[in-house]
């Protein structure tokens, strides 16, 4: 009560100062006054009321019309005051929700963390950055005792909390597969049944699974509707698309997947990615797949991890630092 | 531009009507006008401007002081206009987030759904209601081929999105256990390792696992810091606490759990719950555990499912229809 | 407690009548201009709810006093369809009217005390109080 | 394009000076009262940012014209510490000042065009335009 009175006094002083001198300083102070009032959660109708009171105290003999007009304005402002208070309540809710989601995002990061394996004969790089706080992309490495390396990449169609929830399902289901060498087609078929059983039909998951055999240097892979990666042939110094047929996960319970094999020569690379990489936008056009292989080529002398990071920074900048989709890229190179 | 002009005209008319007659109708219309303006996202500083213009058109010869005072008020309102627009942007974000979470909540419901098993010799009831949109409680039934029934109940400490994400981990890890009969202590020890590995140390999960053997009518159980349930002895018509020692999941990787056995006689009941049941509040006091067993006793003539529902409705009402925590209760009764 | 004036709400025009009576009483009790305007806005909201959703009903006014306070009680009664889920209706920003200071949450903010009793299928009674400070 | 008036910002008082000059120019160009007030508020914000975070800098004004529009360009330049994460600073409602219409998002709302170039450790330049309609 007393602070409000104080405020009325200072408003009155400022108003008087302005009316008498019309100087900018009084207006600057008025701005400060209103910012301060906003911080104190004083709603705009109260400001009108303070104005009316100050005016009446300064000029007790104003024409009746003016007083009436001010009361009319006050009446108009009541709904604005209400809207203002409602927004403030919303803001608190929003902050709460926001902090909830950032806790969840941290959790997710802990959950999805996968160790990039150190293996003789191969150089591996991986990057995965969410567009929002939570990641709907997933990648995972599985190293078995027999010298083969499994690489899983998946993308939930959709972003944010629902995609993240679905992602955690992929993670736990993958964890529950036995750690020994399993064919890519069998893994996708198993995952397809999990997704089909647990996720509602409106949600799709694309997935790629590759198994690299360090004995034979064969890269075996299957794809469930996943964005094609690139194969880089060092000898030809050329990039090829890694094409693979296969339905997205969760549509048809009994679908089977085809398995493909690519033999890797020294210096060759397999580049896996999600559509967050290929569907980068600049202005109002999507980039071409060739632009990605061009950027990779530009950095191909670097270690695999550095290549992924350079490519990411390139496309981050190209998109004005606002990712439109989760961005994941993995590079596997057979050492020379 | 033309709609704003139109609005200025109608504001001027209303203002004039009010100044001349001071009747309530003009004020009512002013209120309608401002509601309409709010819906059109017109910010409060614009209303002041419209007021000033209307006033100047109606009374071109108002004292200079009045005009100056109105300009001062306008200056004060600019920051309010900004705050108003900021809130509107927040509101859109909020709506988006809200709809994201409701999608996630639906997904979760699909995920967590467990089939209440139909078994000879036992009557089962289960209810689980989240306090917010997403559930941080979990329960699950596992029926093996050999006539035993596993019941899992878990509670993530925390609510909302993070708890739900953690919950989905519990679900998938439970799914990955083999379906054949497993000792409660082994299941909790396995789950403890999963939680310890995957969840950050600030998050705790309590869990109870019970295994009912329909051959011997023994109920074997272990608890990881979970809220004690009740055991109802039909012969004595008395409720006992189901006490069980055990550390919450995720604290210590190498913890072991004690397994207990309770033989069930015909008509006996095991009641499992989460602390959302026992920590109901009315006004500013928590309820006593006895109040829960009293309410159960009141409905004990009903089928198990009906008992859980009646108990839920009782405590829902007691809490003014605002759950403070997720509420889960499971009843297993050996048929007479 | 023993004296109540009511305005029947049947047509939109009656909303203005209710506001007028409410404002007159508030003025008499001694409420200032802002509070008068707030009370009038709350009355609008209550009366319009009756007009829009129940068809007919009434808005009643009562001057109340306790040991050291004086105030105005407003009771809005209808025998309309009632509110199915009060919790939801009282939620901010997502009411049927699209939020933004409208609806019952707005009335609650405008007044000092707020209570609503609604029986689905039987009608609604909203009971609010503004104290003179 | 060839004529620029600048106000150096060193002390709080200079904020008022920048507002005054900005208001005078806006008035001359023909902006109405609301727009003048909005421009002044934007200037306050820009100048206060310099005063608070960079210590010194300047706010410059330029009358601009293209084929069918006239406008005011305001450029705020400092050699302060720069902004580490522009994306975050431009986010609504969660700025250091606790949101509520303050900070650079507010400036962006008040003006028609907005651009910020900040090099971390080297300084910041904010470039905004208001068109006369």
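Lettered A, B, C and D in written order, each chain numbered from 1.
Simple rule for what comes next: a contact is a pair of C-beta atoms (placed from the backbone, for glycine too) under 8 Å apart; a residue touches a chain by one contact, two chains touch by 3 or more.
None of the values given here were measured: they were computed from a predicted structure.
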item	value
Both-way neighbours, i.e. chains that touch chain C and touch chain B	A
Chain A and chain B: spacing of chain centres that average the CA atoms, whole Å	25
Computed distance of Cα centres, chain D from chain B, in Å	45
Distance between the centres, which are taken as Cα means, of chain D and chain A, whole angstrom	31
Residues of chain D whose C-beta touches two or more other chains	37, 40-41, 93, 99-102
Numbers and ranges of chain A residues touching at least 2 other chains	27, 31, 35, 38, 75, 78-80, 83-84, 90-91, 93-94, 98
Chain contact topology (line, ring, star, complete or other)	other
Chain-to-chain touches, reported pairwise for every pair that qualifies	A-B, A-C, A-D, B-C, B-D
Of all residues in chain C, those that touch chain B in their complex	15-17, 19-20, 23, 37, 40-41, 44, 87, 93-94, 98-102
Chain B-facing residues of chain A, complex	14-15, 18-19, 22, 26-27, 30-31, 33-35, 38, 44, 47-48, 51, 55, 59, 62-63, 65-66, 68-69, 72-73, 75-80, 83-84, 87-88, 90-91, 93-94, 97-98, 100-101, 103-104, 106-108, 110-111, 160-162, 164-166, 168-169, 171-173, 175-176, 198-200, 203
Contact set on chain B toward chain C in their complex	24-25, 27-28, 31, 35, 38-39, 91, 94-95, 321-322
Contacting residues of chain A [partner chain C, same complex]	45-46, 49, 52, 71, 74-75, 78-86, 89-90, 93
Residues on chain D engaged by chain B in the complex (per definition of touch)	32-34, 37-38, 40-41, 92-93, 99-102, 105-106, 109-110
